[in-house]
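Next come two complexes, and both contain chain A; in the first it sits with chain B, in the second with chain C.
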Partner chain A sequence: MKKKSKMKAIKMKGFPWILPAFIFVLGIIYYSIFYTFDLSTLNWNGLDPIREPAGLSNFTKMFKDPIFWKAIKNTVIYFVFTFVIQNFLGFVFAAILHSKVKLGTIHKCLIFIPTILAPATMAPVFRLMFSPQGILQKIFDFFHTGVTVDWLSKSNLALFVLMFVAIWEFTGMSFILYYAAMSQIDKEMLEASHLDGAGNLRTLFSMVLPNCKGTTVSLLMLGIIGALKTFDIPYLITTGGPNHATEFLGTYIYRQGIRQSHLGYAAAMSVILLILAIVGAILTNRFNKEEK
Partner chain B sequence: MKKKLVSILLVAAMSVTLLAGCGSNGSSTKKVKDNSTATKGEIVWWGWTPGSPANEEYVKAFNKEYPDIKVTWKQTTVDDYDATIKPALANGKGVDAFQVSPGSANGGVQVFGGQAIDLTPAVKEALGDDYKDKINPDSITTMTVNGKLKALGVGFAYAGSVWINQDLFDKYNVKVPTNMDEWVAACKTFKSHGINGFVQGAGQGAFNMDTFHAICDNVEPGLFQKATKGKADWTDKSFVKALQLWRELFTNGVMQKGALGIQQYPEANNLFMSQKSAMIMMGSWYTYNTLPANMKAAMESASSTAKPFTMIPVNFPDIAGTGNVGSMFGDLDYSTAISATSKNIKAATTFATWLGASKSGQQMIANALNVVPSLKGVTPNWDEVKLVNPAKQNEPVKEYYENAMKTVDNSRFAYINADMNQAMMDVLSGVAGGSISPKDGAAQLKSAQEESN
Partner chain C sequence: MFEIRSKKNKILLQIVLLIMTIPYVIPLIQMFAGSLGGTGFKNYKAVWDTGVVPTYFRNSIIISAGVILLVYIFSMTAGFGFSKLHIFGKEVFFWMILVALTLPEVILLTPLFVTFQKLNMYNTFWAVILPITALQLPFMILLARNFDNGIPNQLMEAARIDGANVFQTFWYIVLPLTKPIASSIVVLTLINSWNSYLLPLLFLQDPHMQTVTLLPQYFQGEFSNDQTKILAAAVMTAIPEIIIYLLMQKNFEKGMSAGALK
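What follows is the complex of A and B.
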């Protein structure tokens, strides 16, 4: 009883300390959200003194816009591929590094380093790498393969290049979370499964993977929100091209809001993006609860 | 109970922010006190071109005449300019003078002009009541919004020509192409020596529009300009033909492989400046690189430590076989606008008029060879301008400059709004990649023009 009241006292004492940041963050985030709602009902370039009311016309225009749907399609494809591959790789790397691997710390660093590198720094490297003047082309030429590395210029391939970059960059994050989750698994349980005759792979996928479910769900939620927010990698590498082949909601919102000064239309898409992110988070959460 | 109280407070806070959001007007231009005079003040000048150190040199020259006006040049990249200046102008702080340009180009005056003062009285004071006769008419027409002169033109940029590396042409004994067959042959020869013949960053749409405009002028001069003004149909057979020729460039070996995946800046520019490519589609702004110091800097940016080379402008090849060559098109590259919320309006106006309407300012602009001056009668002082290879460059560069000055009624972006600009970039990219047929592309341009009007 005493312990409880002590905890309560500590909590109450701590509250004033976080209050300024709490108000600040709340003010900024919620203000921005409601302001975006307001903007989505306007025809406005962001500077003009006259803000013309547009009702819901920005939303109806959006649902008829083929590029908006292309951006949604790209987001879904991007999410499915990147989520599956980067989490599979992250899980496998984590499992391998939990066994006795030589120079384990170096391997961990090598896997995690791409995650901390800013996409803005890496984008020019990838642009060059995937161009006919880049290192990949030189390697293909060396082996006389006849392959031309002009994939960023091909509508059907550019998206896959971006997915490769995303997987390269974010596998480290999946790895580190799975690695931490695996550290929490009771070793006796794994030993018991071995005693029952389960091999390494069986143990990995029947014992370890289910015990990392919480991590997988968290990564799923992060993956959905991350895919919806995708901006830096496509903007910096392909600027959404060629011919919108790598357009995402983020890049299209930027294009409409900044380049074409249709701030209201961009805000309407931002509202939909927010709704999709919230729905994604709720569904993931519900799925997790039902499984439990 | 406490939880309830917290919830009520949160809802109240959210409601207040909601109302604040609904009621705010981010665009209001408040009247502010001008702390400066025509000869004294501190101003911040925002822009994207021509870039350091040229802008600082302009400021230095300005300060020789106006030592008490401190000018700070704030540069952004071309792509980031609109995104950066918009909130700065909406906020009303930290921007005194800023660059704008006509139509759908960067910093479009139709969008940003709303935040600028009317410069008519200033230009009248600088040049007299007959000021319209003293400056290029496009400086007035394309910078006037709702009857007010929102910015003062500094210089014009023209495109339509191809820049070549004459040293590479000489070294490999290649004939400068004048038609499609010669162009293909030249590219093939360069390729056999491990060099790109022609390079274009077709991933950056604005430069595709230049090439397409040049093709259109080759097919039927003046039609492109008419269509942008709504006086010609985009589905005209000449446009379909021009789109076919545009597509052909990507299949016959003229465009380098992967052209759609690279940007004109930096990649294509770097390939040309590092002499890995012999030809590039650039405009009059590229003349700047014919000056040894500028070329050295550009080459170093492209990771080349070689000696400056001889680059010269040549006519866009007659790929349609019509004989219509030598077309140039252009408009104001940039103008100077003064923020209505600046606290240094008088000093900023002095700077804008000096840069765009004074003989000394415009002479300096002319000599920099970056843009063609707005003030009539000002040309580069060729005796003072020393090019990399005067023997080979002086004549063609001079002739190029004179042709540019003669260009009338053939704009780059002035009559193309942002939506039409995007539509054109999409069509050109789609036709180049083969996902849109030339006929469908022309139809898309027509419907985009109708929608954007």
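What follows is the complex of A and C.
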């Protein structure tokens, strides 16, 4: 019924309306994707007149490259930790700010400001903050803990610093989404739960959280794609170091492609990165549909 | 969400909130305190006296304005087309655009670098505006289409009966109704284009053309790693952003929550 009236309503050709947007997407994004596929089968530095064919050797080289696997491993660890912590915090913030608390707006602004500041602007701040000259060192010294804050130069800690930065930056996003979702929840249902004698935490995790499932799935998709796209934070704060400890696919592709002119190798990794991103999006989408 | 009766618990919740917020404030304090190290407020004067700050801001404004204009026009028209018009193979086109949503920026670098150099577009604002627009469009089209789907078809039909053509229907009926989603699109595009780092880094080599996200790097060269002045520059970049956010708080929050895929 609905469809029928739509067809009747406007039968005129709609193609010109989507054409400009489509040209943009085709001309820049699909162009780059096909260009990348082509490059991935070459052994080329971008300058040589001769583009030496390489077959699939870039791909076999990649699967034997420990740094490539390190980047994959870092992406997975980074995704798991940031996804869980950031959304847990965002969820709790949203619940607290939906309760009767004082100065709610100020807290809201303070959590939200990080999401609007560019990682590029904040990177020097974090480099200082996690160095022995930074504010954290002063706090640790104040309590006479004897801890030296030089975590960015420690292979086993640098990744956690980057995760802190990512969580700092994106909690506002999780918060605002959960906050919006919670405004939709039926107040009477919550009251009934309280009347049944369920405590606040119990209500929160067995009533409110399941009702925000749609939001959580959206955040899952944003999280997976976001983790795969990660570039600014590691590149600007650690440049993937020390000794590739914080290498991500994005930073490694940049290093290989732009810095060292191994265009074919960088393109091969880009192809894998693109496939992972699409598979991730399809899987979460499937998951989303099943929920409904 | 929390139902709290006793005064003790009220205070407890307030304290929990305060403790949770502190880690979010520490980097901001670090930024400000760090910018006052060494010569104090003279750091700001030194940064300002280089005379480059307004240039970098101007460039960011030009780029963001360009991107916002293009994204606004093309997401509105495409959203309308995908939602309300008859297009052969519509679903295929829509999926092609959605796939582009997942594209990591870094994949664009080499192809565009080589191509822009061939087309003499390297080191022009277009080299940044066009790719950012292409990266922003898929998501904004999705938002616009979803919003347009909520506009009743009867409205279109009524307009048609009154003799309006497609363009008039779009201009007089759809466009005024889409204001809420349009403001979200503008805000999201503003944040993403203003904060864009990788494309300006690679495609704008001339310091007179660079954007605010590249300021820290510029000052690293200029002040040979005098952290205090680099942080003063960071504060000067952050403050206008924070002010604009505070002035348009509701729009920003609405824009961000539109960011959830439906």
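As a working rule, the second predicted complex is superposed on the first by the 272 of 292 C-alpha atoms of A that agree within 3 Å, B and C clash if a C-alpha of one lies under 4 Å from a C-alpha of the other, contacts with A are read in each partner's own complex, and residues count from 1 in each chain.
The rule is short, and it goes like this: a contact is a pair of C-beta atoms (placed from the backbone, for glycine too) under 8 Å apart; a residue touches a chain by one contact, two chains touch by 3 or more.
Treat the numbers as computed from the prediction; the structure is a model and nothing was measured.
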Report task. Using the superposition on chain A described above, determine whether A:30 touches chain B (first), chain C (second), both, or neither. Result -> both
Requested in this report: Name the contact category of A:242: first (chain B only), second (chain C only), both, or neither.
Outcome: first
Requested in this report: Check the residue A:80 against both partner chains and state whether it touches chain B (first), chain C (second), both, or neither.
Outcome: neither
Report task. For A:154, decide between first (touching chain B), second (touching chain C), both and neither. Result -> first
Requested in this report: Could you look at A:283 and tell me whether it touches chain B, chain C, both or neither (first, second, both, neither)?
Outcome: neither
Query raised in the report: Can A:46 be said to touch chain B (first), chain C (second), both, or neither?
Result: both
Requested in this report: Could you look at A:259 and tell me whether it touches chain B, chain C, both or neither (first, second, both, neither)?
Outcome: first
Query raised in the report: Of chain B and chain C, which one touches more residues of chain A?
Result: C
Query raised in the report: A:98 contacts which: chain B (first), chain C (second), both, neither?
Result: second
Requested in this report: Answer with first, second, both or neither: which of chain B and chain C does A:111 touch in the superposed model?
Outcome: second
Report summary line: Where chain B and chain C land on the same part of chain A: residues 26-27, 30-31, 35, 46, 133, 254, 258
Query raised in the report: Which part of chain C faces chain A closely enough to touch in the complex?
Result: 1-4, 10, 13-14, 16-17, 20-21, 23-31, 33-34, 70, 73-75, 77-78, 80-82, 84-88, 90, 93, 96-97, 99-115, 130-131, 133-135, 137-138, 141, 153-154, 156-157, 160, 165-166, 169-170, 191, 194-195, 197-198, 202, 212-216, 227, 230-231, 234, 237-238, 241-242, 245-246, 249, 252-253, 256-257, 259-262
Report task. Spell out the residues on chain A that touch chain C in their complex, using ranges where they run on. Result -> 2, 5-18, 20-22, 24-33, 35-36, 39, 46, 89, 92-102, 107, 109-126, 128-129, 133-136, 168, 171-173, 176-177, 179-180, 182, 190, 194, 200, 203-204, 208, 214-215, 218-219, 221-222, 225, 228-229, 231-232, 236, 249-250, 253-254, 257-258, 263, 266-267, 270, 273-274, 277-278, 280-281
Report summary line: chain B contacts chain A in the complex at 10, 13-14, 17-18, 20-22, 24-29, 82-83, 86, 89-90, 108, 111-112, 114-115, 202-204, 256-263, 267, 271, 276, 418-419, 422, 426, 429-430, 432-433, 435-436
Query - Complex interface listing, chain A residues touching chain B - result: 23, 26-27, 30-31, 34-35, 37-38, 44-49, 51, 127, 130-133, 148-155, 158, 238-239, 241-244, 254-255, 258-261
